[in-house]
Amino acid sequence: MEFWIELVVSVLLVLGAIFVFIGSLGLMKLPDFYTRLHGPTKATTLGMGCLLVASMALVTNQQGYLSLHELLITLFLLITAPVTAHMLAKTAMHHTLEMMDKTIDKDLSKRARERKNP
Amino acid sequence: MKAKPRFRLLPMPLHSLLLLIVWLLLNNTVAPGHLVLGAFLAFVIPLLTSGMQDPQPGFHKPLTIIRYVLMVLGDIVVANFEVARLVIGSAKKLNPAFVAVPLDIEYGLPITILASTVSLTPGTVSAEISEDKKWLYVHVLNLTDKDELIELIKHRYERPLLEIFQC
Amino acid sequence: MQHLPMLPILLPMLAAVFMLLPPLSTTITRQRVFSILVMVLLVIGSVFLLLDSHQQGTQVYVLGGWQPPFGITLVADRLSTLMVLLTSVLGLCAQLYACAGDDNDGMYFHPLFMFQIMGINGAFLTGDIFNLFVFFEILLIASYALLIHGGGKQKTKANIHYVILNLVGSSIFLFALGILYGTIGSLNIEDMASKVPLLGEHEQALAKAGGLLLLVVFGLKAALLPLHFWLPKTYAAASAPVAALFAIMTKVGVYSILRVHTTIFGEDAGALASIAIPWLWPLGWLTLIMGAIGVLASPSLRLTSANLVIVSVGTLMLALAMEREAATSAALYYTIHSTLVTGALFLIADLISEQRGKAEDRYVVARNMNHAKVIGIAFFIAGLTVIGMPPLSGFVGKILILQAAQGVVEMAWIWPVVLLSGLACLVAISRAGTTIFWRSTGDSPDEEPISALKLIAVALLLCASPLLVVFGGVVTDYTDLAADQLHDRAAYIDTIHEGGE
Amino acid sequence: MEAIYAFCVGVLTTCGFFLVLRGRTFTVVIGLTLLSYAVNLFLFASGRLKLDGAAVLGQSAEYSDPLPQALVLTAIVIGFAMTAFVVILAMRSRADQGNDHVDGQIPELPIKLGSSDKRNG
Amino acid sequence: MNLLWVVLLPLIGTLVPLLTERFGRNICAFSVAILPAWSLILVLMYAGGIFDGDAIRQTIEWIPAIGLDLSFRLDGLSLLFLLLILGIGLLVILYARYYLSSKDSMGQFYAYLMLFMSAMVGIVISNNLIQLWMFWELTSISSFLLISFWWHKSEARKGARMALTVTGAGGLALLAGLLLIGHMVDSYDLDTVLASGDAIRADAYYPVALILVLLGAFTKSAQFPFHFWLPHAMSAPTPVSAYLHSATMVKAGIFLMARFYPALAGTDLWFIIVSLTGLITLLLGAYIALFKHDLKGLLAYSTISHLGLITLLLGLNSELAAVAAVFHVINHAIFKASLFMAAGIIDHESGSRDMRKLNGLWKYMPYTATLAIVAALSMAGVPLLNGFLSKEMFFAETLNQSMLGSLSWIIPLLATVGAAFSVAYSLRFIHDVFFNGEPIDLPKTPKEPPRYMKVPVEILVTLCLLVGIFPVYVVEDLLHVASFAVLSHAVPEHNLAIWHGFNVPFFMSLLAMVGGLTIYYNRRHLFQFQAQFDEPDAKHIFEGAVQRVVSTSARITEKLENGSLQRYIFLLLISTLVMGASPLFDLSQNTGSRAQIPIDGVTITGAVLLILSAIATVIWHRRRFLALIFLSVVGLVVSLAFAQFSAPDLALTQLSVEIVTIILLLLALFFLPQNTSKESSNRRLSGDLFVAGMIGCVIGTICYAMLTSPLNTISDFFLANSKTGGGGTNVVNVILVDFRGFDTLGEITVLGIAALGIFKLIANMRIYMPTRDDKGRAWSNDPHPMMFEMVSQSLLPLALLVSVYIFLRGHNVPGGGFIAGLITAVAIIQQYIAHGVQWIKPRVKIDYQWLIAGGILIATATGLGSWIFDKPFLSTWFDYFNLPWIGEFELASAMLFDLGVYLTVVGAVMLILANLGKLTTSERIISKENV
Amino acid sequence: MLSIAIMIAAILVCVSLILNLWRLFIGPSRPDRILALDTMYINSIALIILFGVASSTTLYFEAALLIAMLGFVSTAAMCKYILRGDLIE
């Protein structure tokens, strides 16, 4: 296959993998649950995006037809990731997990826990 | 707003369109056979599942929709680099925060879309929605200016949604 | 007619399915009529199938038209058809008994019952070892569901034990199947039989492990010591018709040992010939003794009957261990006899316990019973049969086994236990009978009289006993032929191949 | 590769059987689930291991043995049915006996029962 | 087949009384008598031929497999016993008609009696060992019924049980013995057996066989040490005692010994066992009889003693002795039956059998007294009575033998002693009952019995006299043919004269008389002497023994079968370990010759994930939610493994099942304890771990050995025929829906049944619902988070679309009905979780039960469809079609089958999960189960 | 070049998976563990995609799709369990 396609694919693959990794890294090293929550929910979306685009490009190039179905996975992730994050945040607040001391407006989480107005 | 589906046979036209597209995506083809089958499914499945849908405000302004989607996608990319930076950097520098964003839009679907967008875009996760659906609680990974953030959310994301759902 | 071998599986299955759909699903009466009808049909069909395979030779049904060893085959030979007929008859009687009202103590009795029958028949008929597993699971899951029929603490508790043990058993079954396929490379029992002798040393060792693991699995089903402990309480807890039907379940295990270990690991399996026998001897022997001890120890008729099942299993294992036509034939006769009579005993125990209030079927003084005479006669006949007293079927089976043991080295082991277990049964049963029927507080019964249907069911089961003696000649001739057929492995292999072509 | 695979199967088997030997229904169920994983992997192994050999005609150069895969599929389904039943049975026995011990009553033990158990067991 | 009728008539007679009972006692008794009388006539018709010295044989084949034929033989011995059985039987019928009270069920009594009679007849005319044993056991059964006729009395029950157990045990021994003999001569035909006596005596197994047969005989004939059951059998109605326990059944053992005399007798072993047993029994019985206060007790022990006498005679290995034995059989039957009947009359008319109360009855019932006294004298062996003759022969024979060498004189001595005692107790019977002062507080004043009640006694006593006075004319011929049958060759010369002159036997008799008188005269001292030891009550000993056996076995059972599942599983695992490990020792080396795949990092990572999570599951198994999370990791990795090793279908299935399982477990866990504390001791834990570990090692080893060894399977066929024969390129799927579609059909059936069973379990379940979580927190106030609701319902159509996609492609690429079904189910369950039952209820109106049934039905119907084309069940069909513009597409029956799978899966999973969910809501199932 | 890229990517994803497992072990809270599990699902999707790319086959696309769809359900279910205990009410 042409060099530039291979180049693009390779770059996308590595980039995606890096984002995936960063997501997990964030999950690993960030200090409290709420901050950890950011890592996976986000990094993954783009990370997966890159990987899937790479795969699309490659398959398209190999099979000779335009392969777009990987987009579906991205679509699903985009739809579900926020809900996952939301549910997890709810559980965290339900368990009143402690957060970084420097967190601003900690007490809002208490209001949020009761689903009251601030 | 108990908007009855506009067409009895095609209760959710947008869904149907989406389904047809998804079908073609799934099968990686626009072969006529699949077009027919896809169309058929796009017609039948909504009929089956329309009962399982709470009535929601209808969509308007297709162009706005497209613009909104593209914008969000862009923001997602930015958001990821942003978060990547924060994650790699030392946790000391972070100053996380809880922010309550007042909502103007009503109804489940629009709010859900907004909350999702917020979750997908820079440094924020929608943690909770107040019972009266007037407030969106957001956890911010690294807060610089609270009002600025609220402003951003309301202008950049809520307004177009208001337009789209006309409520 | 060519599809006849499918009948014992399809008929109950479809019956069950239809009873889940309206109009049958709506009322119990419809289900009763329907299911009795179906069972009668099944009995008739089984008779025809038996005659077919007896006269025209083994019937091989090639499912999907895929030739063995590739597809699944049903093998209706003398042995399997006999077991199928036995199942149908027992099933019919249990069904009749249930229709007197027990079927209404919970949901889905009739569909589950039919599925149970389907599973058992399938296990008997299939000629494919993995398909055997599938049918085992069908009959097991159905039995799990039937066991809790009627509800109550005891049932739940017994069921927990029964289910968990059998789930572990199923896992072991799969391990064994994995090994066997991984070494022999085939699933068709006949094909495996023909390939086993050709295995290399490395594979042989593995295949042996597989074969022995299968023995564990079948031993668990058959309640072979030390895997029999679950049985008494489970059977005693089950509601009467279910327990009666369960009388055939242990026999499924015995049958599988017979099928697998005489066909795949039979005398001419080369290095893997009769790998099970060294284990069957002591285990069967001990099982028989444990069963006899259990019979003596049992405080209630249900438990006695359950332990009698174990006694029968032990006896059968000894017969199998002898590994000769005469013994196998004896085992087959004994199977018919013991299955039907233990089934009857479970029903009788229920008749008694529903008449005696709190005392139930325990061996304690209690008030008089309605129909004490009828039940008494029934119990007397069943008792004599299980003890092995003439003129009822028990003695023929006993003599057949004793005679088969003549000339076997282990005769000195077999005779005493077989005879003494008989004596133990005599002591236990006579105590049971005299206590239940002859020691009463004198209070008159208050339960309403027993439904005729139940009595008919019991009677049907019991008349098998004298019939087995009167027509003993015919029956033993058949079992002889069946045994020969089973031990003639080469012929078996050929028939399947012909069936294939 | 085969060695690692076999080792994993062994570990799963061990864990499964160990949990099956415990006294609480739910634990036993978890054990059975682990065990069924082991069983499925084992049964699958009877067709030997193969990379890039999916038994889809035209998709691979040489194919892995499809039969064990079919068997494992059946096994998985049956296993699921059984697990489902035993789980609900566990609930039922909790409902009927008031505790979730496999024998229906918690045996006298040297170790005191946990508080959670006094409340829920 | 007339001999058959000889048995059959009494057997049919069993039914007669049950039918005629309602017509009154006379008619009943009369009708009962007809059939045995008839059969007696039949016998007498044969008698002529027998006296001419030939034996009639008739045979019908029955169960050749066990050598059982209906085979009859009527010879002298049989004739003799037939006359006793049928003759005395008829008298007993007559007697019983008056004896039985109106409370007793006459029909039942007669029925049992006839059953017994036919059994006895069967024994004595059997010409087949098995058949003989069959009737033998039948006598045990019928005597059980007769002894326990008054079952409301405890001693009747106990006595009956004892008799049954002892004789039953003997029966088993007899069976073994007969089978051995049959094996020796390779035939169960009695003629053959009797003909080959030498072969039998020469056989290595002869001693065993002999002992076994004798055990049978001794138990039946109440020989020491098995005599104890007989006295307790006296709790039976007196007619029974008269019939069974004097005339017939107890003679069955004697008959057996006589029958097998040609085959088994003639060896020292025979002599030692039989004669000594007889001698001891003779003395013991005679001695104890003296001290019995109960009339029937006395008679019982005297019976024992006389049976001993006969046994002793048979044991002497002399032909004349055998003749004497036969003779005494006749005599004893006659006088003992009459004595029992007399005793019965006394009991019946005076209400007591206690000789301490019964005195001076002569005044009240002189006629009966006379009869009884004559009979008693005959029992004592007084001249001019039949007892005397056989006693004489007996004495003579004891003198003729020289078995014990120089000690042989002991036998005649002891014989005399025994005789003396029998004289003594006979005297006691006469004197204590009929004279010896006035009766002491009897329930009623004695009087003569009804006329016809005496007739049987009269007949028998007359016989005593006739035989005693005119032996030659009365019994000579019968005795001769009978003895001939016993000896099976010419009968030795013997002389039945009343007077043989002053010879030793005569003096022995005289001695016995005198001795008897002295003993009876000095009985007080004897009684005092006897009073020192309290005689053991066999009943208590026996019942006690049985009780001990029962309790011991109860203890054993409790010990082993202690109801601990953990133990049972442990045993199961041990067995598995042994069975799985033992063959591995033959395994020379684990590694086979197959090329292995190089290791790569991803696999290692997977392995690490798998192993660590599995171990974590174990470590945290008491914190259940945690265990669940780790469990799902294991499941995930397993499905990844399937993916890596070229099994995409497995990966998909595993994944979807995985998720459903997790949801299921979560649903269930809510109702169960969240955490439990440590319950097993470390010893147990390490033990369990050890066994589990060992099995793990075994399985792992086998797995490795398997993986590394080459294999050629039947699968090439599937690969080759998948497309051409099954119309699909996804071979796995084609196997599932076509090659092995039957498995799949079974598999979905299992799923369906499981769903039904679970429904059964859930119905009416009343279960504790925690209101706070395990940390004591109240539950969140948000049952249905809005975002989740919104997203779930908008995902539903997508999910359905995907499942259609997965379904349709299954035949050619990974996918299929099962996975599609699970996806649909999960999508619907997601709605339940998101919206709750109340929201779903109006929106989903499917009856999942119908889905299951429909699914299985469709799949089956697809299979049945092939019958139309005369193909076997589940034969599949497929074809390619080409529509303009749309292009080519395939239709296959397999798809219909797969649809069945799909529906069943959806139905089953929904039935399970939805109803489980409803458990906490108002929609929970209420059925009539446990209501 | 592509193969190297794939290798690097594979290593990164594997390391991520290990990291997830580590978080799963150390917790400390249940939400942490659920989050780790969810991330694991997503990372395994990545792994499968890489696998497909490496062996240039589309056979595993559905597996990835399924994890994306069902992983979400199981995560949500677990959260619901913690929030309400009762999944379906």
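We just call them A, B, C, D, E and F in the order they show up, numbering each chain from 1.
Convention: a contact is a pair of C-beta atoms (placed from the backbone, for glycine too) under 8 Å apart; a residue touches a chain by one contact, two chains touch by 3 or more.
Here the structure is a predicted model, which means the values were calculated and not measured.
Among the other chains, which touch subunit B and subunit E together?
Chains in contact with subunit B as well as subunit E: A.
Provide the labels of all chains in contact with subunit B and in contact with subunit C.
Per touch definition, common to subunit B and subunit C: E.
On a CA-centroid basis, which chain has its centre farthest from subunit F's?
So the chain farthest away from subunit F turns out to be E.
Based on CA centres, what chain would you say lies at the far end from subunit A?
The chain lying farthest from subunit A is E.
Any idea whether A-F or C-D has more C-beta pairs in contact?
Of the two interfaces, A-F and C-D, more C-beta pairs touch across A-F.
At what distance in angstrom does the C-alpha mean of subunit D lie from that of subunit B?
40
Go ahead and note the Å separation of the Cα centroids belonging to subunit A and subunit D.
Taking the mean C-alpha position of each chain, the two centres sit 32 Å apart.
Using mean CA coordinates as chain centres, what's the gap between subunit D and subunit F in Å?
22
Hunt down the residues of subunit C that sit against at least two other chains at once, touch-wise.
Answer for subunit C, listing residues that touch two or more other chains: 130, 134, 137, 141, 144-145, 148, 152, 160-161, 164, 168, 175, 178-179, 181-182, 187.
At least two other chains touched by the same residue of subunit F: list those residues.
Expected reply: 10, 17, 30, 34, 59, 65, 69, 76, 80, 82-83.
So which bits of subunit B are touching at least two other chains?
22, 26-27, 115-116, 126, 129, 131
Give the pairs of chains that touch; include all such pairs.
Those chain pairs satisfying the definition are A-B, A-E, A-F, B-E, C-D, C-E, D-E, D-F, E-F.
How about subunit F: which of its residues touch subunit A in the complex?
The contact residues of subunit F facing subunit A are 1-2, 4-6, 8-10, 12-13, 15-17, 19-20, 22-23, 29-32, 34-36, 38-39, 42-43, 45-46, 49-50, 52-53, 56, 58, 61, 64-65, 68-69, 72, 75-76, 79-80, 82-83.
Show me the residue ranges of subunit A that touch subunit F in the complex, using the header's touch definition.
Subunit A reaches subunit F through residues 6-7, 9-11, 13-14, 16-18, 20-21, 23-25, 27-28, 33, 36-37, 39-40, 44, 47-48, 51-52, 54-55, 58-59, 62-63, 67, 69-70, 72-73, 76-77, 80, 83-84, 87-88, 90-92, 94-95, 97.
Within their complex, state which residues of subunit D touch subunit F.
51-52, 54, 56, 59-60
Residue numbers of subunit C touching subunit E in their complex, please.
Within the complex, subunit C contacts subunit E at residues 3, 6, 10, 13-14, 17-18, 20-21, 25, 61-66, 69-72, 104-108, 111-112, 115, 118, 122, 130-131, 134-135, 137-138, 141-142, 144-145, 148-152, 160-161, 164-165, 168-169, 172, 175, 178-179, 181-183, 185-187, 191, 201-206, 208-209, 212-213, 215-216, 219-220, 226-227, 229-230, 232-233, 279, 290, 293-294, 296-297, 299, 329, 384, 387, 389-391, 395-396, 399-400, 402-403, 406-407, 415, 419-420, 422-423, 426-427, 430-431, 434, 437-439, 469, 472-473, 476-477, 480.
Could you list, by residue number, the parts of subunit E that touch subunit D in their complex?
563-566, 569-570, 573, 594, 596-600, 603-604, 607, 610-611, 614-615, 617-618, 621-622, 624, 627-628, 631, 634-635, 638, 641-642, 644-650, 653-654, 657, 660-661, 664-665, 668-669, 671-681, 688-689, 691-693, 695-697, 699-701, 703-704, 706-708, 711, 713-715, 718-719, 722-723, 729-732, 735-736, 739-740, 743-744, 747-748, 750-751, 753-755, 757-758, 761-762, 765-768, 770, 774, 812-814, 818, 908, 912, 916
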